[in-house]
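Each of the next two complexes has chain A plus one other chain: chain B in the first, chain C in the second.
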Partner chain A sequence: MTADTDDVENLLRARLENPFLVLEVAPAAGGAEIERQGQRLLAELAAGLDGARRYPTPFGARARTAELVRAAIAELRDPARRLVHEWWAGGLEHAR
Partner chain B sequence: MTTAGATIGFGARGSLARRGPFLGRAGTLAAFRLLAWTVVWGIVLRNIGGSVGVWTGGSLGAVLSLLIGVVIPAWFFVVFPGWLAFRIAAPHGMRRLAFAACWMSPLVRLRDLPGIAAFLDVAADRASTGWADLPADAWTALAAALQADRRRSLTHAAHIVDALAHLPDGARFPWLARRHGVEALVIAAVARRDWPAAARYARIGQGRLVGLLALVADAARGGVVPASALWLRWALSPMRRTMLPLVRVLARRDRIAAGGGATVTPASSLHARHIALLETAARNEEIRAEDVLALATAWQPALDDAALAGLHARALELGVRDGAARAQALRDQVLDELALLLARADGERARTPAPAFVESLVARTREHELAHIRASLAAFDGDRVAPSLHPLAAWERWLGLRAAWERAEQNAGRAALATLWRTGVRDRLWGYCCAVSHVHGARAAWASYVMFDWLADRAEVVGDLVAVLANRENARIALGHLR
Partner chain C sequence: MGSNIHVGIDLGTSNSAIALFDGETASVVANAAGEPLTPSVVRIDARGGRTVGRRAQRALDGDPANTRGEWKRLMGTAERLPFESAGAALLPEELSAEVIKSLLADVRDAAGFTPRAAVISTPALFELPQNHATTRAGRLAGLEDVVLIQEPIASAISAGWRADQEGTWLVFDLGGGTLDVSLLETTDGRLRVLDHAGDNFLGGKDMDGALVEWAAAALARRGGDVVGDRASARGRRMLARLRVACEQAKIELSRASHAAISLSDSARDGGAFDLEITRDELDVLTAPFIARSLAAVRVLLAKNHRTPDEVARVVLVGGPTLMPGLRARIGELFGGHLAAGVDPMTIVARGAALYAGSVGLDATPAARAPAPAAGLAVRIEHPSVTADLEPFVVGRCLPALGQTLPDRVRVERDDGKWAGAETPLSPEGSFVVQVRLDRSRRNTFRVRAFDRAGADVKLAAGAFSIVHGVSIGDPPLARAIGVARADDSTQIYFAKGTPLPARRTFAHHTVRPIAAGSDDDALAVPIVQGESVRAHRNRLIGMLHLRGVAHDLPAGSRIEVTLELDRSGQLATRADVPGTGQTFADVAFVLVPTATVETAERELASTNRRAGDVQGRTFQLGVPAAVQAIADVSALLAEAERALPLARAGDLDAGQKLHRLLMDANGALDDAEALLEWPDLDAEARRCKMTYTPLVAQWGTPAEQQLYEQELEAAARARTRNDAVELELHLDAMRGLGRAAYCRDPRSMTDAIDWAAAHVTEAMNVAAATRLLDRARALQAHESLVDQAGGGLRTLRAIVAEIWELFPSSPELQAKSFDSGIR
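Our next item is the complex of A and B:
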């Protein structure tokens, strides 16, 4: 049963670490825009800008790290994964 | 059905009270304790009476005489030792004084003392010596719950608390354990601001502080708690200085809520509702089956064939291979997540016809739960119950299966459970409980009684009369060793 709790926590984390949320780009954004935004955020994080350290979600702001940004860019390069993230992010867009 | 464990015997390791030719060690200790009480309280009473009598010179009225001669000594005798142990000695790390005070308390049975000592050790984050020799009882169960809570094994702690909340008649849950043991659990949850856990723990507790903490947890979770009720509880409760900042904040919040009428923005989209439920479950807060099923009903049009065709079209735009399969996998993913939520949800689902998506969800949840029970049965091998398996650990292992079974009762239906019962659970669990009883004897009596009683109840639900009778008899024997 503890595994169930871990499962739920992992699922929640996965949903709130949606690459579109992490990168703060629209689900319809093109590949070039995603790459550009990712590099901008990485540069801001490297410069230690406060605004880059958190990203908004419908459930409150969450911490953003360089690893999370890199993982988000990588996820969205895979079209199959992008399809899933896009679907979730599209639904969440209405809630914001 | 096997008959090997039809009835259990505790004779091999019979209760302490029955050992020996006359009194036995436990009897001697009890007699010595009674003698010590008589001597100590006799001297105290005599000195109080003598001093007050000399001081007042016979000028006291009837009420004051009763107060000084009866009420105060009675309070000293009954309540003071427990107060000294749990309010003064234990919080200040004076373990021996706490133990001595418990020994002097008429509210503490002699057989509870080792469990209390272990609980005090766990509460003070000390290694408990002699844990292996302890019996399984409410105190050790509370110690295990506290340990689990501190390890953040919140589900396990919740299982223990739930089992303590549903103890059968006769399974002792001492008043001091309800009061001070549960208090430590609730305080641990409140300290980390885990209000759902605090509210859950407080349900099995008693006392003024537990009552205040329950109210605080309720207010913190958004419940309507009048500030006056909060302040009144606070005024009557111990630990007022510690609780003051929290009560003050919550009382102010209550006034703000009453005046401003601020509301929380509800998660509007379907996806957001889904994640909101995941978040609630991840916080270990209770979720309702009807909420999960309502969400599943709302999901249906978003995941029907037309919606999946739209997703397939988008997959083609993105250049995804097997777009149809990907869309279907997404639907299955949502279904799996809902099944996980439904498996954790409380409350029974309505037995009315439901949309196809909801029926798929219920079927998936049922399969998940039954598979979980089948998989967990492997741990209940009576032949492998050894003395190294502490009776409390054996009981805690059973708690997982109990929780899984009771969840399955909400979704799986009687027929599926009856099949599972007759094809594995009954014999496996029965053999396990009998083995625990045989191996540990009276030390496991409390745990055995609880487990046998639960088995008998489950057997009754699935209509297994033989198992009902045998387990009731086993429970009766175990209960005999608790008295």
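Our next item is the complex of A and C:
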């Protein structure tokens, strides 16, 4: 039974790491904007800026790491995967 | 950054090279003999003296028992290669380390320092164990920091890192032993790998083999059987000489239309043999191999919905691509879009060095770095190489005791053509500015700081450089990595394509109790590589063992598993047990399996039987996609049959090839079976929807309902696309959400208690299960379960959860999932 709670927790973890949420950019953002915002966040995290360490989600703020940011940039570079994330981001926006 | 030097190493099957990038140009460092390429050959003499490169290569012929080459295919295996006279046996990565040491010594002689860090290239088809072995080779050679890059990416960077040409690229890399074909795309100055394909057993060596057989037959026809008994020492020696002569002739034919194959046999009177070969004859001999390589190109293009006309540029890499016949065939296919002015022999090393620059991997030792100047310390974060003409730069002032923060900063470009506006510092002493780059060159900037009165504040290190060029994404993970659970499901941690480095944590529960302090009683957490949600369809690559726990861990204890992959694909694994505060990080890497020949023989027989069965069902059910999936299986198994006798004769390379062929065949059969099982999966999707939708609607939390709706929609889309892997993933998520919701339904308690009572004898601890059942029954009799907020229901739920953990997973499923000890 506890394993079932884990399933939900693990699923939430995966869904709330949506690249648009992590990068705090709109699903309509262009490629250049995404790259620049990602690079900015990576630099802010590397410099230890407090504001970069968390990002808002419909279910509360979550920790943001350089790995998450890099993964988010890479996910959105792939047009097919970006479509999927746009779709999930739209759903999560409804949940706000 | 001004004095930074970046190092790239191409660790090739036949030859290796090392290159330096100083921020402006990438240049190959010649070895002591003045050659850009160092043969990947190692010799160890009777006294243990080690020779690497050309001198060692010369001994391959006369002293084969103490000289080794072409071990790259064995990287990641436990095969030790013997050196008879020294009585030594070295692992493939130890031999690679010798080559790297030699290359690093060349840099020391040429540049005056021994590199501390380097990027090493690996074939795109290398998996985790081979990458791990390559990193280890670098470390054994004395490198403190090793980053890996896939060879095709290195080639593409080298060929076009400053080119403004956008569009699709194809990198055709035919090495000594492997073929890698990669499709890349440059958009907005960013280079991305679309896909790659290849053949781990097609290379220049195979062409040389065909030429050797032709030459031996031609000489025999002329009455000079120069090789004789190939099993004898003389036969082996003559064959090795003939191979060298043939390779030489093949290289000559790249420039001339005729070449001679000359061979001397000191054992015979006047034993010199000469044979002439024309380029046309070579073209005929190599035609089947060229056709095979072009077939791989066509498959890759078709899979990515591209035509040859849509490929803007083709980059040729590797010695065999110098063959005019091969270049002509590729030119015909792509209408002559071959990249010009690229040296196919050193392109990979140069690209690796450029990549080292783009990730800021400085090779200079700390002793060579300039001492920090006096002034206020400032940390500046910026990209090393970027396609963005206006990137962000973030800085943070780090005042020492007694120093005060400046009021504002300004960034200026050293060429005097650009200066930013003055930017105030945040209260934490940081600033974020956008700088402007000059196109396609290295841009050096200086940060100036001012106090409130506008006076200059001296900074300890305010200069930095950014190169404008093709921006390269982080290296993508070639195959998904996850953890196998006891029910044969996979928790995917990193999907295929995840950029490295990456780190993720997921929660699990143990499926059985573990006794305190026992080293024998270990709980296994299998780490698998592959895309399937069915654990057994993936490949086991590591095993984390929880052994020696401080306190008894009951079944159902929560553990948090963290997988971490560094940029080189090295895997670190950790399990935290919140209940005891213990951490386990005991990961044992699984090497590329090197089954004995007997095992491989049995596996070949069983794969043949399986292929027959799957083929029968495929044609019976008439599933076209499954027919396509098994199209290559017969050829793979026929190749495996040919490799078997060589493996039996002790050829390690053939043994490895046999293993990989069987893996590829079984992978194709897995794909076909998944397609054949599609109707069952489709029915399961309908059943999941009918079962779980009302449960989640009634008992799920708003977050669960939201997630379920999205999973349901995603599953519907996967069904429309007939995507079994994707559908299984979403069904798994729907089941998880559905079960969580079901647990809130008071009736589920009654169902669970009834089930447990009927199966109590199967519990791992029957007495404990019976006691818990008695408590649950007593509570059921006294509490009203209608009152959902009642404490009784919560207690009952906790008891049922405890009972549940006392039931083991299905032993069959657990065995299939590599004896996983977690849910």
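The rule is simple: the second predicted complex is superposed on the first by the 86 of 96 C-alpha atoms of A that agree within 3 Å, B and C clash if a C-alpha of one lies under 4 Å from a C-alpha of the other, contacts with A are read in each partner's own complex, and residues count from 1 in each chain.
Going forward, a residue touches a chain if its C-beta (ideal position, glycine included) is under 8 Å from a C-beta of that chain, and two chains touch if they have at least 3 such contacts.
Only a predicted model underlies this, so the values are computations on that prediction, with no experimental measurement involved.
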item	value
Partner chain(s) touched by A:47 [first = chain B, second = chain C, both, neither]	second
Chain A: partner with more touched residues, chain B or chain C	C
Touching partner for A:82 - first (chain B), second (chain C), both, neither	first
First, second, both or neither for A:62, with chain B first and chain C second	neither
Set intersection of chain A contacts, chain C complex versus chain B complex	1-2, 4-5, 7-9, 11-12, 15, 59, 88, 91-92, 94-95
Interface residues, chain C side, partner chain A - complex	187-188, 190, 192, 379, 381-383, 386-388, 390-396, 426, 428, 430, 432, 471, 473-474, 476, 491, 497-499, 501-503, 506-509, 556, 558, 702-704, 706-707, 709-711, 733, 735-737, 739-740, 743, 752, 797, 800-801, 804-805, 823
Chain B to chain A touching residues, read off their complex	153-156, 159, 267-272, 274-276, 278-279, 281-282, 284, 311, 314-315, 318-321, 323, 326, 330, 333, 337, 340-341, 343-344, 400, 403-404
Contacting residues of chain A [partner chain C, same complex]	1-13, 15, 31-32, 35-36, 39-40, 42-44, 46-50, 59, 65, 67, 70-71, 73-74, 77-78, 81, 88, 91-92, 94-95
Footprint of chain B on chain A - complex, ascending	1-2, 4-5, 7-9, 11-12, 15-16, 58-59, 79-80, 82-84, 86-88, 90-95
